[in-house]
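Below is a structure I'd like to ask you about.
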Amino acid sequence: MKPLRRWNISVVGSSSASPEVLSMAEELGRQIMEAGFNLISGGLNGVMDAVSKGAFSVVGEKSGRIVGILPTDRKGDASPYVDIVIPTGIGFARNYIVALSGDALVIVNGGSGTLTEIAYAWRFGKPIVALTSSGGWARKLAGERLDDRHAQAIYGAGTPSEAVKLLKSLLD
Amino acid sequence: MKPLRRWNISVVGSSSASPEVLSMAEELGRQIMEAGFNLISGGLNGVMDAVSKGAFSVVGEKSGRIVGILPTDRKGDASPYVDIVIPTGIGFARNYIVALSGDALVIVNGGSGTLTEIAYAWRFGKPIVALTSSGGWARKLAGERLDDRHAQAIYGAGTPSEAVKLLKSLLD
Amino acid sequence: MKPLRRWNISVVGSSSASPEVLSMAEELGRQIMEAGFNLISGGLNGVMDAVSKGAFSVVGEKSGRIVGILPTDRKGDASPYVDIVIPTGIGFARNYIVALSGDALVIVNGGSGTLTEIAYAWRFGKPIVALTSSGGWARKLAGERLDDRHAQAIYGAGTPSEAVKLLKSLLD
Amino acid sequence: MKPLRRWNISVVGSSSASPEVLSMAEELGRQIMEAGFNLISGGLNGVMDAVSKGAFSVVGEKSGRIVGILPTDRKGDASPYVDIVIPTGIGFARNYIVALSGDALVIVNGGSGTLTEIAYAWRFGKPIVALTSSGGWARKLAGERLDDRHAQAIYGAGTPSEAVKLLKSLLD
């Protein structure tokens, strides 16, 4: 059988963010795609759009895909940079699916919505990397454990390229 | 129309906890029921079972009901103290529904699963009360704000009776 | 332990219906409540509102409760006759929960949305009673089997009182 | 912007089926992929596995992707022929997402689980094609309307190639 299936990286973050954070997310998306992963996000605005945009700039026939898992039931709500749209129609319960769909999770900034995704990913034992310089819950939770369920804390990464290096070592 | 509908209080907490925490949860359940509220929980073990048990000890024809919103599709998985069982079958996406079903939320201890419920409740602007002496995320988040969406921080309460007093003032 | 828990009857049907169908649903709700069951519905308009209204006319301290499982995340969307509101926020995926929450299901008229609830209830082996005179999928599916999973076909009942008699014999 | 996004075709059918039906599903998957669509299914056994297998036999860098939307939270439960796995963890509420994710739906045989997907797709106005020769709900519902919401009945197609021809004309 052809080695078709790629690792899925879920990137979670705020639906509105500063230009600096958005540019960091864009760089992260580009590098995730170049590393040969599929990119998963919530498919809407802010960090979700920026990370998909970065991935879109290098996506090609030999790369992974850009997946957006929407809360709404309308495909048209997706960021234009999302390739494969999953309009779940289940509201923010879709955060659970974003967390479960990643083989690993990267946090970029993030408020309370993002926090649900981080906590779900932790609950299910996914490796989690926080982009510390992006602020928000990423900065607060880098190096922390959410409960005693797992020994390994949330990883901190200073830059998108450090995050992707970590993902490669964790998933290979 | 008869004034039938009561306020719903969602209590969230760990599925396993120390005897001290369980006894605190039981006392909380008793007082929530005596205050005339409906009690909502995830319907399983630990804090969920204990808070339902406390409510059950005083439930009666003139009181509210004890609702359990299960992750599984089997009614039989519910704590025996739950009156009305909603077996959602949607796994831990049910945490979203536990948060949405409460007019207010009380946190008793709590790990990563509980954290998803707290973050969802915050996201939707529900008043949240943390039983600080119960430890876990309750202690860590009392007095904190999860993001800039709301000005009012999570309330801290030292005892079940202080928590219920707060709920009454917040909902009346 | 006090015998607190009652059987849950899920009633499914169209969100808009003729006066005849609504009046039949209202009578059904009244009789379900008088029989000592909890009533579960989707909590919105049409058959859901009418069946809750009928139940509301006789609800009391010694009766079961009237539960509404909403697709939206807003308690205020519920029929005023619903006592315990569960605003799931998961859109029409809530139909799955309406089906799972019933120990048995009654169909009143019904279009495609109702059909998802009937098929889910069948999938999980719930006893199903169709109010044949109400038309819609109730009439089409009375006496039918949805697949080979179960031997017992969907029951047909000519009147609300016949339906409730059947429910009593099936659940006692 | 590069024209990256493809149409999504959701194929729904039984998790166990006869060799004839499975072979029809396999041929359908092959033709869906050759037509340049993404293939969506529930990602498990029977028709889901067979349609993914057919697609897998011709998938390539220039084709669409093979998506599996699982009820469980374990990626490993997916058919080996699925490329992009979405382990929803929400049980059979995932049928709602399978229906919503398709720009059109094809029915192959099908029991009660499949019926929920058909009814959801109808509810949301998706074009539906039934492979009549596959039996089950596909045969029963070809040419039928599930309620008065839409004027156009479910299309019937005698063969996989006729079904794909129909999909092309409906989506182009």
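Letters are used for the chains, namely A, B, C and D, taken in the order the chains are written, and counting of residues starts over at 1 for each.
We take it that contacts are C-beta pairs under 8 Å (C-beta built on N, C-alpha and C of every residue); 3 or more make two chains touch, one makes a residue touch a chain.
Small disclaimer: the values here were computed from a predicted structure and weren't measured.
Of all chains, A has its CA centroid at the greatest distance from the CA centroid of chain C. Centre-to-centre spacing of chain B and chain D amounts to 41 Å, using the average Cα coordinate of each chain.
Chain B and chain C have CA centres that are 28 Å apart.
With centres set at the average Cα position, the gap from chain A to chain B is 30 Å. In chain D, the positions touching at least two other chains are 73, 89-93, 96-97. Chain-to-chain contact here is organised exhaustively, every possible pair of chains being in touch. Across the complex, chain C is touched by residues 1-2, 4-5, 8, 38, 56, 59, 61-62, 65-67, 69, 73, 75, 80, 82-90, 93, 96-97, 100-101, 103, 124 of chain B. Of all residues in chain B, those touching chain D in their complex are 73, 89-93. Against chain C, the residues of chain D that register as touching in their complex are 90-93, 95-97, 111-113, 115-116, 119-120, 122-123, 136, 146-149.
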